[in-house]
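Attaching a single structure in structure tokens format; questions to follow.
Chain nomenclature is as follows: A, B, C and D, assigned in order of appearance, with residue numbering initiated at 1 for each chain independently.
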Amino acid sequence: MDFVTPSNGEYLALAVVVSFGALLLFVGSVFARYRNAQRDMDVIEQMAEE
Amino acid sequence: MNTPFLQVMLAVIAKDFRAELRSRELIGTMLMFAVLSILVFSFALELDRIARQEAVSGVLWVTLVFASILGLNRSMSMERENASIEALLLAPVSRAALFAGKFIGNFVFTLIIGLFLLPLMTVLYNMPLVSGWMFVVMAGGIFGFASTGTLLAAMTVQTRAREALLPIALLPVALPLLLSAVKASTAIISDAAFDTWATWLQIIIVVDIVYTVVALLGFGFVVEE
Amino acid sequence: MSDSSPNIIEVRNLAKTYDVLPVLKPLDLDIPRGQFVALLGPNGSGKTTLLRLIAGLIKPTAGTIRIGGWQIPQETEAIRAQIGMVSHKPLLYDNLTARENLRFFARLYHLPPQDIPPRIDLLLKRVGLFKRAETLVRTFSRGMLQRLSIARALLHDPHVLLFDEPHTGLDRDAMTILDNLLLEAHQEGHTIIMTTHHLESAAQLAERAVIIYRGSIACDTPTSPDLPRTYANVTGGIV
Amino acid sequence: MTAVKDFPLSAEKTKDGGGRTRLLYGFTGITLALVVLCLGMALFYAGQDITQGDVQRIFYTHISSFFGAFIAFSATVVGGIQYLRTRHPKWDSLALAGVEVGTVLAFINLATGAIWARPIWNTWWTWDPRLTSAAVMFLTYVAYLMLRNGIDSPERRRVFASIYGVLAIATVIFTLIIIRIRPDTIHPAVIGSSPSTGAEGGFEMSSSMVTTLLFTLLTWSFFLTPALIWWRIRLENTLERVNKMKQIYLER
């Protein structure tokens, strides 16, 4: 009986892209929110100075 | 120092029942919804004999969950109208007793709907739904929805989205109960031996206990500021 | 809990902060037994917060309140039985009759069963609702709701009565009835704390006016017909 | 105006903030290296599964993301209970961070499962009890975030979220145990033997596979998840600081 191991590397690639894509998206969102917060803080500080 | 637990619980239950007898707002809407839901399902699924056997317990439980959500929302918004929940909180009573009163009221109301649905669906779907075990499973399942539901309804009536948020919060948490109850009812309908579905009943009981304890402990935090 | 102090309420260093906003800055307040105090101040000044703190409905961020020798927040449960509160919302159930509402609350306050019917009759007569005892609360007017609320607050004969804006939404006649009920309760010896925007009533009814402004006690004075002017001076005319 | 100036403006100025920041950077660096190493092991070191082909390598991420989510949601339970006891907002930040990180990991778990199922089961999705349960678990935590969003008062939001976070763990536990009680699931039990004879896609593991799986599991559970939660808590601290400053400023 000849058994041929299926070639399905493209699914593996897709899985890796999706997994790490999701992680990166999350890290990116944390970073973006962090930067927005910093910017808000600067504005408040400026207003406080005036 | 506090008014005895049992007295508070019974007073709250009696109050809810009296108000309900007067207005029939809760049972009326729940019942109407339940009957409509069953009719619409039978149209939508166009069930033949075999498909019916598979689907009937699913229809039963989905209908019950949504009917209980209707009732829970109503029961909690009744306490919020006129801010009467504040009067309850002002009284020297334990929060757990208030919870127990509201919870048992909701449990009984939903159980009444369930007991009404069993013979109705027996007739409409031509399935043997009325049986002792069915009653046990039904009481067990509804017990769990009612306890988490009472807790979650007390939270969601205080949110911006109000009524809309209760199904979103309750349905996923109720999944273990819902799934077990559907499986157990299907087994009962197809006359399977008790051993084959006893696990589901056990899960229902365990989940009931866990949820009720969490709800009893959590209710005080939810209603107080 | 023997209590020799002449003050039924002693507030010490009481503060309430929502998130970081100080709604009530640390304050002290003594109220002798049987006094009628009007809590005045513009919206958002913190007077309702103070009242709700005394009622045990919200927990203080810091400080203590002693009522009749018991202490908030440690002994809130014991204090509940000594307090009756009337809010501008009725705190009643629409689908129950006046009598059923009172009976329900009487049971929550653990009144002896044989005392409940005569007590309810007495209070209904006193607030002038005896003839409407079997009517659904849903059909009541604003003034009737307010009177029934007072009956509810008096059920367990509390030492302290708290009124949160009782005059809101009442017409002239209803206001007169309310003022008479308040006077009666005061004469009976209840200690009363009332928040209100109605300076006229406050000047007439209360013996003492405490004006809260921006979370602090800005003025603590015996009432006189001059109260509106004092109030305007303290708050800069904001009502 | 003084209140605004007195307020600690950045993490570095708070007590011991600098030391903690350095620790976090170090931890993040180690985590990053470990995650890359895990991926490398999964792709190149672990032996190929003869029957399933390369797609079997998805499993390392698939399982690890579930356990990462489990750890994150457990953190939510701890945070919730501690918040209700102490009323310190930092515990609520932990709970919230746990939910966000756990939700992302649960999503990865679902997505990798679907991608694996396509070539092996010949379908992206099937209404298998475990799949359904995992999907509902994911939605439970989305509901948590919606519930939080619906409440304006910060204190009430924290209390409600704490209670819901504790309740929600039930769906995680249910997902974990359902494979043992539902004989009709086709999802293979990878750890321990599958009670189901109908499981499709199970495989025997060679030693290189076991090593890779263990290594990935430990990395995702004890490095990646805590690191993400840590960063998310820092973000929450910053957001809270901005919020407080806004309120104090607006007060004036």
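The criterion applied here is as follows: a contact is a pair of C-beta atoms (placed from the backbone, for glycine too) under 8 Å apart; a residue touches a chain by one contact, two chains touch by 3 or more.
Everything numeric in this text was worked out from a predicted model, so none of it was measured.
Chain B has the C-alpha centroid lying closest to the overall centroid of all protein C-alpha atoms shown.
Here the CA centre of chain B is 31 Å from the CA centre of chain D.
Separating the CA-averaged centres of chain A and chain C is a span of 55 Å. Chain A and chain B have CA centres that are 41 Å apart.
Annotation: 38 Å between the Cα-based centres of chain B and chain C. Among all residues of chain B, those that touch two or more other chains are 225.
For chain D, the set of residues that touch two or more other chains comprises 155.
You'll find the chains touch as A-D, B-C, B-D, C-D. Of all the residues in chain B, the ones that touch chain D in their complex are 148, 151-152, 155-156, 158-161, 165, 168-169, 172-173, 175-176, 179, 199, 203, 207, 210-211, 214, 218, 221-222, 225. Taken together, the chain B residues at the contact with chain C in this complex read 1-4, 7-8, 11, 14-15, 18-20, 22-23, 25, 78, 81-84, 86-93, 224-225. Residues of chain D touching chain A in their complex: 1, 4-5, 9, 39, 43, 48, 50-55, 57-58, 61-62, 65, 100-101, 104, 107-108, 111-112, 115-116, 118-119, 228, 231-232, 234-235, 238-239, 241-242, 245-246, 249.
Considering their complex, residues 55-59, 77-78, 80-81, 83, 85, 87, 89-96, 100, 104-105, 107-110, 136, 152 of chain C touch chain B. The part of chain C that touches chain D in the complex is made up of residues 18-21.
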